[in-house]
Amino acid sequence: MTDTISFSQEVSNLLYAAEGEPLRTCIQCGTCSGTCPVAGYMDYTPRQIIALINAGNKEQVLESNTFWYCASCYHCTVRCPQKINITELMYALKRYSIWKGQHKEGLIGPTFSEAFVKMIVRGGRSFEPVLAPSYIFSLNLREMLQEVTNATELLLKGRLPVLPARIKRIDSFKRMIGRIIPMGGLE
Amino acid sequence: MTEETKSFEPTIIGFTCNWCSYRAADMAGTARMKYAPNVRLIRLMCSGRLDPTFVFKAFASGADAVLISGCHPGDCHYISQNYKALRRFHLMKRVLTQLGIEPGRLKLLWASAAEGAIFASEITKFVEEVRALGPLNWPQPGEQVSTPIMEEVTA
Amino acid sequence: MKEYAYFPGCSLEKMAVSYHLSALETTKKLGIKLKELEDWNCCGATTYFYIDELLAYTLCARNLAIAEKTGLDVVAPCSACYKNMYFTAAHLKKDADLAEHVNFALEEDNLQYNGNVNIKHLIEVFAQDVSAEEIKSKVTRPLEGIRVAPYYGCQIVRPQKEKEDVEQPQFFEGILSAIGATPVNYPLKMRCCGGSLIISSRTAALAMVRNLLQSAVDSQATVIATACPMCQVNLECYQQQVNQEFGTNFSFPVLYFTQLIGLAFGIPPKKLGIGKEFVSIAPSLLRAGQSKD
Amino acid sequence: MEKKEKIGVYVCHCGTNIAGVVNVGEVSTWAAENLKDQGVVVSRDYKFMCSSLGQELIQKDIKEYGLTRVVVAACSPHLHEATFRNACKGADLNPYLCELVSIREQASWVHTDKVAATEKSKALISGGVSRVVYNEPLEPLYVPIHPATLVVGGGISGIQAALEIADAGYRVYLVEREPSIGGHMAQFDKTFPTLDCSACILTPRMVQVGSHPNITLLTYSEIEKVEGYVGNFTVSIRKRARSVDEATCTGCGICWEKCPKKVVDNVFEAGMGNRKAIYVPFPQAVPKYPVIDRENCTFYIKGTCKACEKFCPTEAINFAQEDEIINVEVGNVILATGYDPFDARRITQYGYGRLANVFTSLEFERLSNAAGPTGGNIVLRDGKTVPKVVGIVHCVGSRDKNYNEYCSAICCMQSLKFAHLVHERTGAEIYNFYIDIRAPGKGYEEFYHRLLDEGTHFVRGKVAEISDAVRLPGEEGKLIIQVEDTLTGNQLRVPVDMAILSAGLEPRRDAKAVAKQFGISCSADGWLIERHPKLDPVATVTEGIYIAGCVQGPKDIPASVAQGAAAAARILGKIMQKEIALEPIRASIKEEQCSGCRICNNVCPFNAILFHEDKMVSEVNPALCQGCGTCVAACPAGAISGTGFSNQQILSQIEGLMLLNIKSHKETVPA
């Protein structure tokens, strides 16, 4: 059988453990978008994204910045009258777009997340200076200067680590991750 | 036999009361909710009518499991008779254990007339549980009844 | 003596070291021991959860498995770590299939998670496990007249866990009252600080920070109290950028709630990491802390 | 060997409802072939068994084949058992020798696997055939119907029901919890969409109730206990002490004028106004007698005052009055206990109770009521400022899985009414925040158009939050309603002076307890369940208990009135019949087998089993027995049999369901 699954189902399938009702139950009331602190910066509001997904407009969804602008504040999720887990939906879209290598040009989100994941795999803990190159060059000049100023001040106040943090059992830690994701996929 | 275990379809006898659980089954029907076709229902006026003989008769007649279903505690049409069913249920579970039958083959389900969805999903779940237990095999004479008798935790 | 397994999380190692210091100092005063989790790893932050859920659950489960061996409840001071670990534990409890996957990976590190760990946010320890009376009894320098904006942020209360009030909780205010401060009506106390958008979507995040700061000013607060390293850094360290972006003139102190408690307990400011902030705290606050010497 | 029964099996297609999944032809042939030994002499399938042609088919067979038993495999017995029993009766076969097997609700509608559904249908029919052999001919029990009716709840629905029955010449006991009848409708100023004055249309009805010779009005009263069954209920009513003697009180009003104790009226005035400790809820109250609110009366608290007693010209004040228990006999009951408004405090982000100028719909009703605390002036909480911008929030507590999933049906129209009143009285700018406008009643859509024409703004979007977090110029001192205008995709911050939360309807807090008291059930939402959602909307599964108005689900005034009248009509029909046939499902004790152990005496919840000390045996009183069968199962001597559900019937049905009655199958079952 050549059952083609809808984009809505594809996205739903990416929500491994998220609870909540399926996207098709959305009543388009706009509570999520009314609540969202970032809605004004998004190409489409969260409600519109759900409508586009349910309509099967995959390209339009993946090319939008909406899910990269989600701040994970979960405010929409706790208010949704249909109990749709909208924040997890945004995660699923990020995942989908990274896996497919398809996303809007000029976004910092995708490169930053990749760098972050690699860093944890290498050391087990977060080490801010490693992250900087992943995004610093995507910032505009003014933002880059801001970032450097901030880093300097943090360093002066003793709030920035000089040496990368590492957990002790890093080898077994890496093998553990290897059981979930083949290492080649990340390194 | 091997073929039977491969696609074992248990047969389950279900007892419902007339007021809540049978109506829950009706509700599941009216709402076209789907569930496994392995359960055959017998309507009683009340779960309190359930004579333990019925359960043993069902097992003796070849049923792989028995479902007892009634109104929620406190909602009985006959005031409190479902509590009597509850007490008999615990008793029957013990007797079954002593006879060497897995107590998981007897299930008690409270379902109100509005809970068609719960009724349907619980039946499907139960069928899966019984499927996992396999066909009911009465212990043969001389066979050791391995299930410990007194370890059961009473609810 | 109460004891907890303490998961500081990556930020508290350096970036939010003052949170770390003040958490240890204040809990000590209350007779609580925070025992740092042995060889803990990053909780995965938000990033892992959108890259690969299974991997993210495994990262959290490793910490949970280590904690389980101690038999103690886990305390996380960072809201994101807390949320990640809380929901990892919840999902693992409900989903046997997921637990099996995760435990398969944990085997490589000779670990196993059996689902028996409670996770708490540090502020819950102060709000629930310790009574207001106990806190009051340790206060030597009540923060009288200090108007504090209690900033809850997001992930302490959201997503919803049980039936608790996620829109207008009051536990933060309760703690502030216990140390003699005046919690102000801070209408944006539940709104987001922008989180990691400060990196990925700078303009949006700065606007969010601007709103939060403005609301605190409008509420006539002296200081914002936070319970999350991310919130603290966004609210405090980016004020200059906010000012550049919006032509504002913010210079508003943002402290961890544990630092405020520490001041009220009479702990020397230095031991609480005070002095590491970009925006110096108002002298009045320090004075309030020290006045009854 | 007993005489062999002749059984007819009838398999219904129910159009495609059954035949679409179950192979009815195969089932029917199978029954004819395999259940021959059980006595099946004829087996047929037919498109619609319940049609008159289908029934005639059965009747013809009964005559031609001399059938002694009938098994119909069709829908649930709760739907058509009576139909087929009557058909058998028409052919002179005792109706209780007919057995209904549900292969629709239990097979075709719930299974997708056609083979499995067909096999299951066969087993179910086999069970029915095995059982019906042991069915006994029974005669229904006839009991007289008491011509009086109890109506619980004095809102518009209960009022309508009471008047219909009383006008027909029968006694009605109308019980109301509050001091006056009138219900929520008495609190409203206008009714949608006609904008009739609510009081003008309601009060004449209330007066009629108060003066009707056939209505015994019991206000400030509650149901204490209900016993009996259809036709013969005994109801205990607690008439709470009013502290006012109704026989001497003239309702002159001097007492509440003189009473020095002011109390915030949280019931009738929704907290917007005050009353006295001795009070009538509103001027047109029926009955006109006041009550003393003992929790707030100075005399009951401190032991002094008695101002009311001093000034009462007829010495009607009686501080020592006690609750009275009144027992009444009724044949039928109507429950019309209405609804509670959704508590808007639960949605904390809407700020009700925290932000002063957020109002609930009930508060607004009082605010806009000419007889209300502001004389109908729509003003802010300060009591004087007229709002310039008003936001009306729809769906508060409705259509939201966090609160109530259902649509409360009346809030759209209620909101439109509010918008109109605000427009008319203040000229303010009005925003309606809605998800969908639901205006399905007569004249409702037209009313919506009228509002559009009046210039009311309609913003399609569920309000995210209402706050006092001002940020932009022009927001100072206002409430900010944050919402997405979903039609443009823009996030809006709408500054308003007043926000009205159009709260939904909820089941009464004690609806569950009331349902239990009267032996009926609630849906998952908490509304009482009707016997059939389409065809029997005011009856319940318990004979003699009817429901009307919002107790059954959210509805507007016309629908509530219609249901009140409908319930009354149903009951009048029953009263006219003078008696009712009860199902003869009863337990009976074989005296010679009874050991006199008295176990059955204790398990019976209806005290229907008597013990004869002289003979040392127990006996069932058939009028009290409800037929649950618990005693049958409990009797250690097997001396009790339950008609209609005997051991033999059920044990045989089990064998039938397991197909043990079929020779070929028997051999394959391991010993």
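A, B, C and D are the chain letters, set down in written order, and residue numbers restart from 1 in every chain.
Going forward, contacts are C-beta pairs under 8 Å (C-beta built on N, C-alpha and C of every residue); 3 or more make two chains touch, one makes a residue touch a chain.
Since this is a predicted model, take the numbers as computed values, not measurements.
Taking A-D and C-D together, the chain pair joined by more C-beta contacts is A-D.
Chain centres here are Cα means. That of subunit C falls 50 Å from that of subunit D. For subunit C, residues that reach two or more other chains under the stated contact definition are 167.
Each of residues 349 in subunit D touches at least two other chains.
The multi-chain contact residues of subunit A, meaning those touching 2 or more other chains, are 40. Those chain pairs judged to touch are A-C, A-D, B-D, C-D. Listing the residues of subunit C that touch subunit A in their complex gives 10-11, 13-17, 39-42, 44-55, 57-59, 62, 91, 95, 98, 101, 104-110, 154-155, 158-160, 166-167, 190-192, 194-197, 199-205, 208, 237-238, 240-241, 244, 276-278.
Those residues of subunit A lying in contact with subunit D across their complex are 21, 27-36, 39-40, 44-45, 47-48, 79, 81-83. Per the touch definition, subunit A reaches subunit C in the complex via residues 16-17, 37-38, 40-41, 65, 68-69, 71-75, 77-78, 85, 87, 90-92, 94-95, 98, 107-109, 112-113, 116-117, 120, 124-128, 131, 135, 139, 142-143, 146, 149-150, 153-154, 157-161, 165, 167-169, 172-173, 175-181. Those residues of subunit D that touch subunit C in the complex are listed here as 347-349, 354, 467-471.
On the subunit B side of its complex with subunit D, the touching residues are 9, 11, 13, 19-20, 22-23, 25-26, 28-30, 32-35, 37, 40-46, 48-54, 57-58, 61-63, 71, 74-75, 77-81, 84, 88, 112-115, 120.
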